[in-house]
Structure formats: structure tokens, C-alpha cells
Amino acid sequence: MSTEFSNETLKKDSSNSGLQIVKESEEDRLMTLSVGPQHPGSGHFRFTVKVDGDYIVHCDPDPGYVHRGEEKMCEYRNFIQNIPHLERPVIHDSNNITYSYSLAVEELTNIQVPRRGQFIRAIASELNRQVYTLYWLAIYGIFLGHSTMFMWPTGDRELFIDLLEMLTGARVTHAFNIPGGVRNDMPVGFSEKCLRNISYFEKRLVEYENIFYNNPLMRQRTEGVGLLTKEDAIKLGVTGSVLRASNTPYDIRKAEPYDVYNEIDFKVQYMKSSDCFARAYVPLLDMRESCYIMRQLLDKIPQSGEVRAKLQPNPKGPAGEAYRRVESGRGALGYYIISDGTPKPYRVKISVGSFRNMLALPHLLVGAKLADMPSIYWALNYWPVEADR
Amino acid sequence: MTSAGGFIKAIESGSKHLVIKRFTLRYPEKKLKFVGDGYQFDPKRGVGIAGYRGRHILFHDKCTGCQLCAIACEGIAEAIGMVKVDEKWKHNKKSIMPQIDFGKCVFCGLCVDACPFYALYMTDDYELSAFTKEHLIYTPAQLAVKPKYDGSVELKIDDRGATHG
Amino acid sequence: MASRGSRIVEFRFGNFVASLIWLILIVLIIVSLAALPLIFIVLFYAPLPPINGQVLTPYLFLSMMVDPTRTLPVLKFIMHTELFRVAVFPGFSFAAIFAAVTIFVERKFLAKMQLRVGPLYAGKIEGILQLIADGLKLISKEIIIPSGADKPIFWAAPIAFVAASAAVISLIPVAPGWVVSNTDVGLLAAFAILGFFPLIALLFSWASNSKYPFIGGLRALHQMIAFEIPFILSALSVVILSGSLNLTHIAAAQSPYWYIFFLPISAFVFFISSLAELERIPFDLPEAESEIVAGWLTETSGMIYGLLQLGTYIKLYALAALFVTLFLGGWAGPQIFPQVLGPPGPQSPLIQLLTLRPIYNPIIVNDVFWFSIKTFGIIMLMLLPRGINPRIRIDILLHTGWYKLIVLSFINMFIALALVYGGVFGPGGVLTPH
Amino acid sequence: MSNKGNHNVNDPKANSSTKIEPSGAQIGIKQDDALVLENLIVNKLVSKFGDKIKIAYTKPLRIKVEVDRSDIIEVASFIKESLLFDHAESVAGTDYPKGNYIEVVYHLGSYTVDELGAHVLALATRTGREDSSLPSLVNIYKSVEYHERETFEMLGVYFEGHPRNDRFLLPEDWADIPPMRKEFRIKGR
């Protein structure tokens, strides 16, 4: 980008009745574009960009269009009643957003989850991760103008939605994790169906690579675009696939294994190239790894046993605080809960990956081309509703 | 010429799908089959029984009017209100039973978890459209009706792809 | 109880027949009360040509409906009028029907590739009437004009778009002699008309008085100008081989060997450039919806949008037909239609009417058939990238246009020149048709 | 990345000694094998800053440090430079009307040191409820930028040195008190 402007235009000055040379200022060259909230490529989110020709010189995120005050609402409800509304920010990943909440409440109230319950939780969490990532991938496809890549993941998402519906009874908002375990046991025939769907899905991932990831046009659009170096990624505190695409193998499931994840053998998927392609490709690797994790979980799950610890309708523990994290589809998802000994939490702070990744948006967009805006924005794995809470 | 190879692979992958079965579920004609009879809860064991969480069914011969479902719903959706019913039951002295506003209900099923008398379950029925909001308020008498749901389609997976039949 | 609208209305054949009879009755009433008197009045004042040595009167004209001996000559006369060529075949209506079929086939084809169903409910069979439904919807919609818009240009641009597309159609021969305007500068005229499109896009985007259309219009301008040059250069090698700019001559010159065998690179460049010219995926940057909403179409609504879409698809047909004319030998193909329809020998007037005896020309029908088949194949090839490719970025696009495609088209131009100087083509060449 | 499976954080006996509104005198460090790294961090902090800081608690993988608002920049720089907690995960402000203070907790994590991947250091500081202001950590931790901005609008804590103490999530026409203050009540509750 050049910051010096030598364009001089002739403008007619009415007072002087003659031609006067007016120097074009920098601001005159810039055009402000509002991306969102009624823009097809924004979601419930708005950011204004200023473009100089085809280059973005300024970016100002303006979230809050779907701010619902989840944290405030939590203070008025008891620990169990918080679950249905806490999963609203990201209904595609609702098992993960209630997972860390349940973990934190269990830490506060000293509940031990039965082993089978822990496994079912992990299975539901992995299934939901697939649902979210497929949805994300579908949108990424349409952001790059690839309509087939929108339809295929949206269709294949049904595989996991069907499984989740079989397991939890709901298709998107599951309200399945609960302090003390899970709401119900696995139905008969679940694991066979799950294994069948997983093995079909693994074949589909090859097709995704053929038509989308290995397509030269997609590579041209994403490779070398939006470079986020490891140092910058750490400085900005991004998380999830964005962090792992920047050559930092950090995954909460590995770094701080919760429930049964320390018994599962898996690798943290990361890439070194730090560009949009890496940020788009890491979720695919994640999905593949997630299939592998699910097979192990279904293999290792105890055949019988309790799935939910008995707890009183209004669980409460001693005063204290807990900060627990899980790895969601968008990275670390932490709950900081302060309890004052009553059945209602005193303060709940949700630390979500989307909010943290938003900081990278101006960092990456400034200096990029306008045509790269969709690929950079959506590769950040940013879910506006979750960021607003 | 890796880029040409990429194009050829993409074209091959795309044209391969021209002969694969379609995935779409043709909804109003065909409906999905669900596991079980809907979400139920066993208060003795303290754990639910897997099933679809559709609209509720209320067993009048078991409901005692204890209001636990309404209390459970209080901080969630506030969809359950207790109303007087014109029925005489020995176990329901106050003659009150839950009435559910499905315009507010979020189908979390925590009211089912709260019921200690096996009186409130959920069913497979999810087609709850109505022309007015008042019609979405189901009285205890309406909740007692067992809905007819005839979903029969399941996801089939074979060599030629996944399909809903 | 809440109303449960799950009861499906069953299809009854009796109701269906009754509705058909009602429809026929209403049409009959309208024809006899309004249309017939109108036709009479018009015919009474219009000068009518002699048919079969007999001066046509309104009475005789109307009697053609029942007398086959009069019907076919009248039809034949109409078919050779200039108006018929412009409006019906091979002019606007033919292209519009082609465009309509293209839209429907594209939707079904794309749906199949994406494991969807596509249009399904409009029309009993696989949503075959979806396009009519869409058209009716677009007509019935309100046309919203932005407050700061330049209204005359805003209104004129869609019409100009359709008109320019139709003007390209008029230059394309579908069979020997069946062309609206058989000029000697046909190819040049086609490119001249295609040069209007960036201007229309830019004018429309400027007239919309909105930022996204403006960016889209500028992109359209960049893209079309960048691809105009390889576009023309790739067609130039065809001109070198055929020695003519007349499209009918070019098509006829390929009678034994199609030019695509000698000029594959040119054909490739022409194909890619026409995709870019058409703003189809992967070159749909001017309408990139994730960046600039809908590009230069952002402020369109109702029938303005409908007209622009119609124009786009007519343009698609025109460029596919141009490709067929330049590289695939136009109408050339083996004769598969019989000399006469129905049984040979003299027949009764009714059979003559049914078999279209006086106006059926097997060679022309065959030519039109092969031309349509080839054009449709090219259109399908143009639809295919939409299913498998993402959108390209503007800098890569311009790079492709200015650097790669121009070089490629030059390569094949040298091949064409070598063929001409080597005595293969050109005057007195080995493969020149005599 | 090492797999720290032996840290069973679900162990109920490990987290029974926590309290709300932790008093400063409680520096009782449990001599537990599972807390080696935590104790190391705490010892480093205590030896560096002495009584400037108060260790609120040490749990497996979690440490909470309380500092005065005047020392927070110094402590935060030390945590970043020497203890290598390189990013902030969240900034949580909590309103305590009874104690008449607002507590702001920075949850700091580390990406660069594998062993610290599971650890979260909570750096807490306090300010009064009237004219609440704190020094911003944005020059030390770039990642707190939006979190602090959110805390400003949700609790009304002005961060000195922050580039934009500005509206963020709330509507443009928000004219009420900051909503996460306890005296802001949701209607009907």
C-alpha cells in the first residue's frame, strides 16, 4: 500500500470562478464498505472496512448484534436451569458449550461423573464437533463461491445430526450434558450405526479433498493469503484451528485432558504454513482425527454402568470458583464460574474461541485485498453468535 | 502440471456424483424414523431413556399436580403453567395439571426429568404448527392425546452413497 | 386443538379433466369474442400477399384453419418473412427457449451433482414448470429503484442488455441460409456487440448509486476487457484458416474437418474467455456474493433482475453457438432425417398437413438438429465448472487473461499461419472445400 | 506435547479448600506431589514480589494471584517474561457490592511452554465501584484488547492506556448502567 498520494484533480471552485488545483486527500481515496449485518458474507456480525482501490486499509469489527447477555442470565438461574440457554450461542456445537460448563459445575459441587457417562459425553462432544466443522466448511465453500462444497457438507452433516438425535433426542439444541453426567444412556444399536456412518464419512472426506482442497483455484485463493505467524498467533491469543494452523500444536484435549481423553490415543493436528489454506485444512484433519477418536471411544466404553450421578434438583456446593476448558469446534471454550454457596452462580464468564479469534480479524484484513476478505474472515473460525454471547 | 491434475480430479469427483443417489429427504411425503417412543425419564434410577424430544404427553392417571415440572421450567422457558382441570383423581387433590405453551417451550425435556411420578413424557411429534399463538397452548386434555406419527424413513448407506430412500 | 395440516390433498383424475375442460372453454370464449374480431379487423386493412396465385383475403386467411391446402402455403410464406426470422427462428424466441431449457437443465444438473433434488414441485414431473413459476414471481414483484439512482439509465440498461444479447443471436447461422443477418463482417460484428456488455454493466452499476454495484461494475469492466483480447485473438486463427469473416462461410468451410482439430488451443482459449465473458463461475467476480453482495446486480429487483438473467442466458447460448460455428463446423453432421415424413407418394390433404409435406426440408431440419445438439453440449460444458470450482480472485483472473491466454492464443495463431502457408488451408489448399 | 494424565482434576479432595472472596492471608500451599509446577510458579512469584502479591489459592493446574492495581503491570510483565504465560484467555470482571469493589481476573495461559499448556494463572486485581479504573494490560498482553473493552462496557471499569474504551457488544444507544453490575436487574426478576 502506498501512503503517499500525488493525484491532483482539477475541481471547479465556484467562489473563485476559475480552476483551482485541489489536492486529493488520503481520506478521499478511501471507500468505506459495511460488511454486515445484512451482508451475505458476514453472519450476525458487522465490520466496516475501508478500501483503497482493492486493498483494505482499515477494519473495525462491530459485534453485538446477537448479544443476549448469557452471562447475566446465568446469575438468575440455578446450575441446571442454565443449561438450555447456555447452548443457544452456538447451537451447532451445543454439546461442547455445555461440556465445560458441566465440568466447572462438577468441580464446584464435587460431583464425580460415572465412567460410562464420561464416555458418552466425549462421544456426543466429538459428534457435535463434526456437525459444527461440517457447517463451518459448508459456509467456507460458499464464501469461496463453491456451491457444491456448500451442499455436500450440509448433507453429510445429517449423518451426525441423525446420530445425535438418536442419542440425545434433539437435532441441534441437545441439552444433553448435565452436571453429573449425561441425560440418558445410549440407545440400542447406536454404536453400530455410529461406526457405519463414520466409515461412510471417512470416504466422503476424500471427495472433499478432491473437489475442494486440491482444486487449484481454491489453492490460489487461500495459499499464502492472510499469513498469521506463530508469534502473532500467540501474541493475539487465538485458539483452535487458527492457532493450530499457525504451527502451534495446542489442543485442550491433549494439553489438559478432561474426562476420558487421557485414555485416547490421538494426535494434535497442526500445519506449518500459517495461511488461510492451513486454517481451512486443519478442520478437515480434525474431522478425520475425530472419526479416529470416536472409534476408540466406542471401542473402550464400558458396556454397562451408570451414566449420571444422582444429584439433588438444586445442586449447590461450597463457595469457590472454577475455571474449566474444553476444546470445542472453535478452540478452547472456558467457563469461569464463581459460586457463593447458593444454588445460583454468582458470576459466570464464558471465554469463547470466537471472541478471541476476532482480534486476529483486523490484524489479518488490513493490507489484504478485498477479494480475500471472505476467505480470511471465515477461515478464522469465527461464530458471531458465540462471540456475542 | 499439478494444477491440471487437480482440475481433472475435481471434474472426476464432481461427475462421479452425477450417478450417486440423492441425499435429500423429501420431507412432507416421507418422515424420519426415530428411536423409541420419545424421551422418557426413570426417576428411580435417575436417568432418562433415549428418544425424540417432541411434544409432551401427559398421563392424567399419574399426574398429582405437584408442580415440579412448572418449577423446573421456571428459569428455562416458563412454558408450563398449572391449570385447573375438571377431573376428579384421588391422587390429585387440587385438580391441577400442567398446560404447556409450545410457543415458548425449548424442548429441553428437563420437565420430564423433574416429574417423579412417570406422568410426563415426550413423544415423536414435532409438527406443531398453528395459525395463532393461542393454538400453541396445549391444555392437559390435549396433552393426554397420544400423537400419531408415522415416520418410516431411515438413512441407508450402500456402495452408491447415502440416501433417505 | 391446533390445526394439524398434515392431510395431503389427493390427486383425482376427474378433477383434473374437469379443470382442463374449463380451461379449454374459457380459451374458446376469449378467442371467439375478442381474438377473432381483432384478427379480422387487422387483416382487413393489411395488404396480403398472393398465395398459390390467389390474392389472400381475410376470409381465405381464416379458412386456412380448416383447409390444409391453404394452411401450409401460408405457413411457408410466414416462415420466410423477415419478421419470423428475427422474432421466432433463428432469432429471439429460439434463443429464449434455448435459454429457458438451459436454466432448467442447469438447476437439475447442479442439483444432481450436489446430491440434491432441485426443482421438484412446480409441474407434476420433476418441477418442469419451475421456470414459469419463477418468471411469474419475478413479474409480480415490485421493482425498487434506489433513491439516488439515475433512472433513465437504470431502466435502459437491462433492456439494452437483452437487446445486445439478442443482437449477437442475429448473426449466428443455425443452418445454411437460416440466419437473421448474413453480413460479411459477421464475426467482427459479434465482437463489436459483445464489447457493449462491459459498458452496460458499468453504466448500470454507476446508475445504481451504490457501493457494491460500483465495485462489481468495475470488476466486470476489468474482467471483460482483459478477456476480450484473447477472445478475439483465438477467433482470429479461425479467420486465418477460413479466409472469411462471414460466419456462414466459416461454418461451411469446415465441412470435412472441424477447426477444433487444427486449433485446439484456440478453442480452449475461446472457451475460457467466453466463460469469463459470461461471468460464470469460476469467473463470477462481478457478482461475488460473499464480498460485494451481488455485485453489479445488487440493486436489481423484480423484472429488471429477470431481464438481466434472461440476457445472461441468451448470451450463454450465443457464445456457445459462436463456439460451435467457429470450431465445431456449425451445422455439419450426418444426415439422419428421412427425405419425407410419413409414407412416400402423393397423399390426402390431411396427411399432407400432418406430415408438413410442403415445408419440411430434411437438410435444414438435420442441420438445425446437429447445430442444437452441439450447442447444447457446449452449454453443458460451460455449466460444469459451476459445480466443481470456487470463484477465482481478481488479480489471478487478470493475470490469466493478460499473460497466459494471450500467449496461448498466439501459439495457435502461428500454427494456423503455418497451415495456410504450408498449403493445407487457404486458397487452393489441400483441405479447402471446393 | 506431554500427556498429563496423572493430573486427575476431577479429584474431589483437591478442590475442597476453595473460598469465595479469598482473604489475603491465605497463602497456604498444599504440599502435594501433583502441585510441583504450581508451587514452583508460586515460589517464583513470592520470591520476586514478596507481599505485593497474595496467592489466593493453588489448585491442580490453577493458580490465582491477587495484586494491587498499582503493581499489576509489573507483575504481569514478570509473568509474561519470566513465567512465560504468553496470552490471556479471558478477562472476567466481577462486581461485589458487599465489599464495594470490582474484581477483574485475567486468565493467563501459555502456548509456548508445553508443560504449562494445562495451567491457567488467574491474575486478579481490584478497583472501587465508584470511578472504577485500572491500568490496561494491553501493552503487555495484546490478547486482552477486546476482553478489556468488553469489561469496560459491561462493568464500567475504565482501563487506562487502552486504545478504545468504547462500546462493543451493547447497542449503540445503551444509556443504562453497565449491565454486569449487580444493581442492574433483568426485568421481572
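By written order: A, B, C and D. Residues from 1 in each chain.
Assume a contact is a pair of C-beta atoms (placed from the backbone, for glycine too) under 8 Å apart; a residue touches a chain by one contact, two chains touch by 3 or more.
These figures come from a predicted structure and were not determined experimentally.
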| item | value |
| --- | --- |
| Neighbouring chains shared between chain B and chain D, ordered by label | A |
| Contact-richer chain pair (by C-beta pairs counted) among A-C and B-C | A-C |
| Centroid comparison with chain B (C-alpha atoms), farthest chain | C |
| Whole-Å gap between the CA centroids of chain A and chain C | 46 |
| Centre-of-Cα separation between chain C and chain B, whole angstrom | 51 |
| Computed distance of Cα centres, chain D from chain A, in Å | 24 |
| Chain C and chain D, separation of their C-alpha mean positions in angstrom | 68 |
| Multi-partner residues of chain A (each touching 2 or more other chains) | 76, 148, 155, 211-212, 215 |
| Chain B residues counted as touching two or more neighbouring chains | 10, 13-14, 17, 23-24 |
| Pairwise touch network: line, ring, star, complete, or other | other |
| All chain pairs that touch each other | A-B, A-C, A-D, B-C |
| Contact footprint of chain C on chain B as seen in their complex | 10-11, 13-15, 17-18, 20-24, 26, 28-29, 127-131, 135-136, 138, 142, 161 |
| Chain B partner contacts - residues on chain A that touch it in the complex | 76-78, 80-85, 148, 155-156, 158-159, 162, 165-170, 173, 175, 183-187, 189-190, 196-197, 200, 207, 210-212, 214-216, 219, 306-308, 310, 313 |
| In the complex, chain C residues that touch chain A | 110, 113-116, 211-212, 215, 281-282, 284-285, 288-294, 386-396 |
| Sites on chain B touched by chain A in the complex | 2-3, 6-7, 9-10, 12-14, 16-17, 23-25, 32, 34-36, 38-39, 46-53, 72, 74-77, 106-110, 113-114, 122, 155, 157, 162 |
| Complex interface listing, chain A residues touching chain C | 31, 33, 39-41, 54, 141-152, 155, 211-212, 215, 217-218, 220-221, 369-374 |
